[in-house]
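These notes concern the structure reproduced below.
Per-chain residue numbering starts at 1, and chain names A, B, C and D are given in the order in which the chains are listed.
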Amino acid sequence: MTDVLRYRPTAAELSYTFGGREPVARIKSGDILDTYTEDCFGGVVRGVGDLPSQVCEFPYLNPVTGPFYVESAEPGDTLALHFVSITPARDWAVSSTFPHFGALTATHTTAMLHEPLEERVWVYEIDKTNGLVRYTARNSDFTVDLPLDPMHGTVGLAPGAFEARMTIVPDVHGGNMDTPELRAGSTVYFGVNVPGALFALGDGHARQGQGEVSGVAVEAAMNTVVAVELIKGVATPTPRLETDDHLMSAGSARPLEDAFRMSQHDLVTWVADAGKLDVLDSYQLISQAGEAPVGNVCDANYTMVAKVAKRYLPSVDMYQGAHARLRALADSYR
Amino acid sequence: MTDVLRYRPTAAELSYTFGGREPVARIKSGDILDTYTEDCFGGVVRGVGDLPSQVCEFPYLNPVTGPFYVESAEPGDTLALHFVSITPARDWAVSSTFPHFGALTATHTTAMLHEPLEERVWVYEIDKTNGLVRYTARNSDFTVDLPLDPMHGTVGLAPGAFEARMTIVPDVHGGNMDTPELRAGSTVYFGVNVPGALFALGDGHARQGQGEVSGVAVEAAMNTVVAVELIKGVATPTPRLETDDHLMSAGSARPLEDAFRMSQHDLVTWVADAGKLDVLDSYQLISQAGEAPVGNVCDANYTMVAKVAKRYLPSVDMYQGAHARLRALADSYR
Amino acid sequence: MTDVLRYRPTAAELSYTFGGREPVARIKSGDILDTYTEDCFGGVVRGVGDLPSQVCEFPYLNPVTGPFYVESAEPGDTLALHFVSITPARDWAVSSTFPHFGALTATHTTAMLHEPLEERVWVYEIDKTNGLVRYTARNSDFTVDLPLDPMHGTVGLAPGAFEARMTIVPDVHGGNMDTPELRAGSTVYFGVNVPGALFALGDGHARQGQGEVSGVAVEAAMNTVVAVELIKGVATPTPRLETDDHLMSAGSARPLEDAFRMSQHDLVTWVADAGKLDVLDSYQLISQAGEAPVGNVCDANYTMVAKVAKRYLPSVDMYQGAHARLRALADSYR
Amino acid sequence: MTDVLRYRPTAAELSYTFGGREPVARIKSGDILDTYTEDCFGGVVRGVGDLPSQVCEFPYLNPVTGPFYVESAEPGDTLALHFVSITPARDWAVSSTFPHFGALTATHTTAMLHEPLEERVWVYEIDKTNGLVRYTARNSDFTVDLPLDPMHGTVGLAPGAFEARMTIVPDVHGGNMDTPELRAGSTVYFGVNVPGALFALGDGHARQGQGEVSGVAVEAAMNTVVAVELIKGVATPTPRLETDDHLMSAGSARPLEDAFRMSQHDLVTWVADAGKLDVLDSYQLISQAGEAPVGNVCDANYTMVAKVAKRYLPSVDMYQGAHARLRALADSYR
């Protein structure tokens, strides 16, 4: 029987790590979570005068809602989370530059002697009715409407090996992957590392470009509905995504070619295993039929996604048909 | 007046570098080139028994047709090449693994103590009528039809600074960028480095996946038509592409994040300059509206493309409207 | 008054993370710690038949002794640890290859389709009297004596931002930096992130080459003596080392050039600040006088050290003369 | 019979590429070359007011003397160059920052939105008698004497595959490796790619730090003597160095870990082949006994050197004892 867990966090309940936290609630396979996530700035950047480096305090950045304890989940299982809906909670969103953060600036690790770029905030209007977000230039009167395409930048489980990781780090446990592929209609699979899986999510984006080049997307609080399924006894080495039409593997690492390698390696071997193809035959097929949408090139690890249309693959129900079941569950909830 | 240069190279006329070669023919701005390019194996891999490392001889790989001398072209100008059509010249194409080449294998530079992966050839049937290429697994009976999507992996000009580069290297002069964005309908812009520009092209692909992960696409000889325009007195720092709907910048470097940075940096500053946007306003806009299609993650430099839909930008005719003129010229030729 | 804390951990007391653990003992500034560290294999690889992947269990690798709570230590302080002595606890040590670990093999992140290299163990004899370790080839009768040069691969504090990190990860909190510069006579400075600092150490090496290219050094249990000083109100952004003759900064990141950048950036700005040099004058001086000893090119982050002889710098007592005081304290203990 | 070729280039005879140039003179195996090299700025930066970006013109940077045609040299041979002496030709040398060049600044490839760092010149006094170079801060009165340690940043042969490369690029043909290991007393071995080998050298440094972090060393014109030996029928895959005490392999690539991998891979397999060690036994030995001196982390490719003391290796005369012969030849010339 499907239960719906409605959970709205208080500020004090927000989490800033994956791992190292007690669960905020418990949920079971087959249930639905209806929740709220604050934006990456904790909601305190509300106008162009609110410079993030002044109004936010490290490490209280990129809060996630959770973690949620999934009944019966144990290491070696896979947790499937299907995004039923992701809806901006406000009629505005914000973006910014941030000192020494982003792909086209010196950073903490790509350390240089440059002063930071100017810190600047952009406020976007969200028009849910027409599915638009409005960009407004700060130093001219140019504006343009971009498609609303809500997604979660951050979703993941507690990592293994007794680790706790800042929410801004993407790795094999998920985290801040910042891929636009993580939108409503997507199922994401994670390998479970600790009892209860302890999943959490946040960092909603009204939309983002591929690579999130400035380091900050169109950041938005979200009302989000997730359908949950636990797949017992099936391991998942790195986060995978499934939609009605595509399979995807995410890799998070530096340099960026290693993120690419991880994602492609996982997709090649996943398709080979599940589709009963020889590994080199799978390598060849993915080489010609695959896509490689960039996630982020700004976070502590960079994220690449390897993607292939199911229609080009041997027919197989991945994860025992979990995506189809979760789609049906999602339909029943709307 | 538009002239059509019809040129079919003999084997001896093929070139293996950009730079360091005498032109094979001369062409002027406003003309059309109707030519043929051999596949990256020089046409000698024709069946699954033709292992490239045995039938090909280094450095006689990845031949290009050209170079062509463009009348009046001088350093500081831009050469625009519009791909009118790219048509497979045969009803088959080939792909392979190649020892110590590709993204998921140890290579010359990512040097490791592993033996090479097995060298294997795949032959694809090309069905031009239905626009399909047929993949056939080698170690099982799986086959699948993929969309025919012809492109050129290699196109470029002679580099500057008295250099000559192997055709398999992509850099600011173009070369082996291996981006699927370089298909019929695309205009590519290059900065001219030497008198006559000396452009050449080759390495046709019946299709390729993003990243060309195995290092080898669906390699095909091509009959290709290109419309040429010389834009005097306008410099171009890195290859750029334009289609009816999109602007793109290509960056080629290692590690992959530097290819990403180069491509995004060029697109951000190009849009800022041409669109009269403040640079940070352009950075913000591209961050939310941009795409980042991967070219190759296997060549001597990796290639990333930064891409944005024109409809999200301030209205401007890039390169004095060259793309529209070349489209019209292309239409007149068909 | 100097107290000596003698602490020998039981197996159950070993730690596998920095952060997320209760302290095993308390110590105060000015005290000496006399302790024991197990080798990176937990002491279970004792002969050439003990393959690490069979006798060790992830994540119970690379144990550290600690953490130790330093009285009065608070975020914003610096903890100085001076290595008084590092003495192999046994007359043998071991090394090995390890599947998909090391610089010349495909790894988890540099993911490739190769099978792992052969897993093989080498046993070294340690001759403390003559200061030698004896290498013995496995597949021939070649042997050679190398200088005994004991060091700790892993030393660090609890990280900030509520994180807990596997001991095999080096980062700004220290961890598995694997630099041969961390030998007896060195003082290492860490920024304190949590109350009590919570330092721990382990992973003794009888010696290692620069870069630790195979991923495994000459691994040895150690009897180690450390002198401790807390420097209140002085922050340290990344681990720094000081010897009688040199200053060093360590940077841990990927790709390796970012580790290089972090280390050089810190040394340039540290020397500029402390030596009252203009930053570009310091950049110039370090560019000509500096060294860049490689730490590891195999761990989760790579580590580079930037190093300069004090005799080339403006005269200054770094950290209020902590190194000299700790040297004197060390002398008093011997 | 040993001949001495004395050659002093005119400005017009300087070369800016490896490859693509006619030889300036011919030399035979067993001969000595006594020559002059201009500094990397072509000698036009002579005071703190001579900003390189203003007084130098791209691509007329980093001139080399040569190329020299070596009689009988053919592809597949090895050319050994022994540096008999490297003597600063003037009593001063210069260094600088250079816009968007260096490890701690945004560059052409690590493209960012920062303005360049300030361009500044430092003039060094050279005291050949006492073996010192004097650093003088620009924005304070600090000065310090550093050891004079002359070396050549750039030495190499014509590349293969019909390429011509700018002298500032290091690769398997040598070029701008910028390693301080290339000093008097060193023999460097290169694989010959074209008839006559066509070697050239330049870019003298009165000294440099490891990594050449600012991108510019203590640049000096040099009077240099080189002894030449051609080793027929022996190939060399990447530049190697030999001194009385050490063997070294150089790797040039990006990212820096690939330069590290190339250098270590070559040293491991060279020692295995020549020393009749199993490859994994060699890997283990180099892992514990090896050094990894950084060359440059600023050029078009980064350079790392893998280095090991001969006394730790099986006894073997590398390259048929070429280094010892060249040492003897050098002694006879002094």
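Throughout what follows, contacts are C-beta pairs under 8 Å (C-beta built on N, C-alpha and C of every residue); 3 or more make two chains touch, one makes a residue touch a chain.
The shown structure was predicted, so the numbers you read here are calculated from the model rather than taken from an experiment.
Note on interfaces A-D and A-B: more C-beta pairs are in contact across A-B. Using mean Cα coordinates as chain centres, the one most removed from chain A is D. Centres computed as Cα averages put chain B at a distance of 35 Å from chain D. Once the centre of each chain is set as its mean CA position, chain A and chain D turn out to be 47 Å apart.
Centres computed as Cα averages put chain A at a distance of 33 Å from chain B. Each of the following residues of chain A touches two or more other chains: 104, 110-113, 117, 254-255, 261, 264-265, 268, 280, 283.
Per the touch definition, chain D reaches chain C in the complex via residues 95, 97, 103-104, 117-118, 120, 122, 133, 135, 137-140, 142, 144, 146, 207-218, 254-257, 260-261, 264-265, 268, 275-278, 280-281, 283-294, 297, 302, 312-314. Put simply, chain B touches chain D in their complex at residues 16-17, 19-20, 58-59, 108-113, 160-166, 251, 253-255, 258, 261-262, 264-266, 268, 279-280, 283. Of all residues in chain B, those touching chain C in their complex are 104-106, 110-115, 117, 255.
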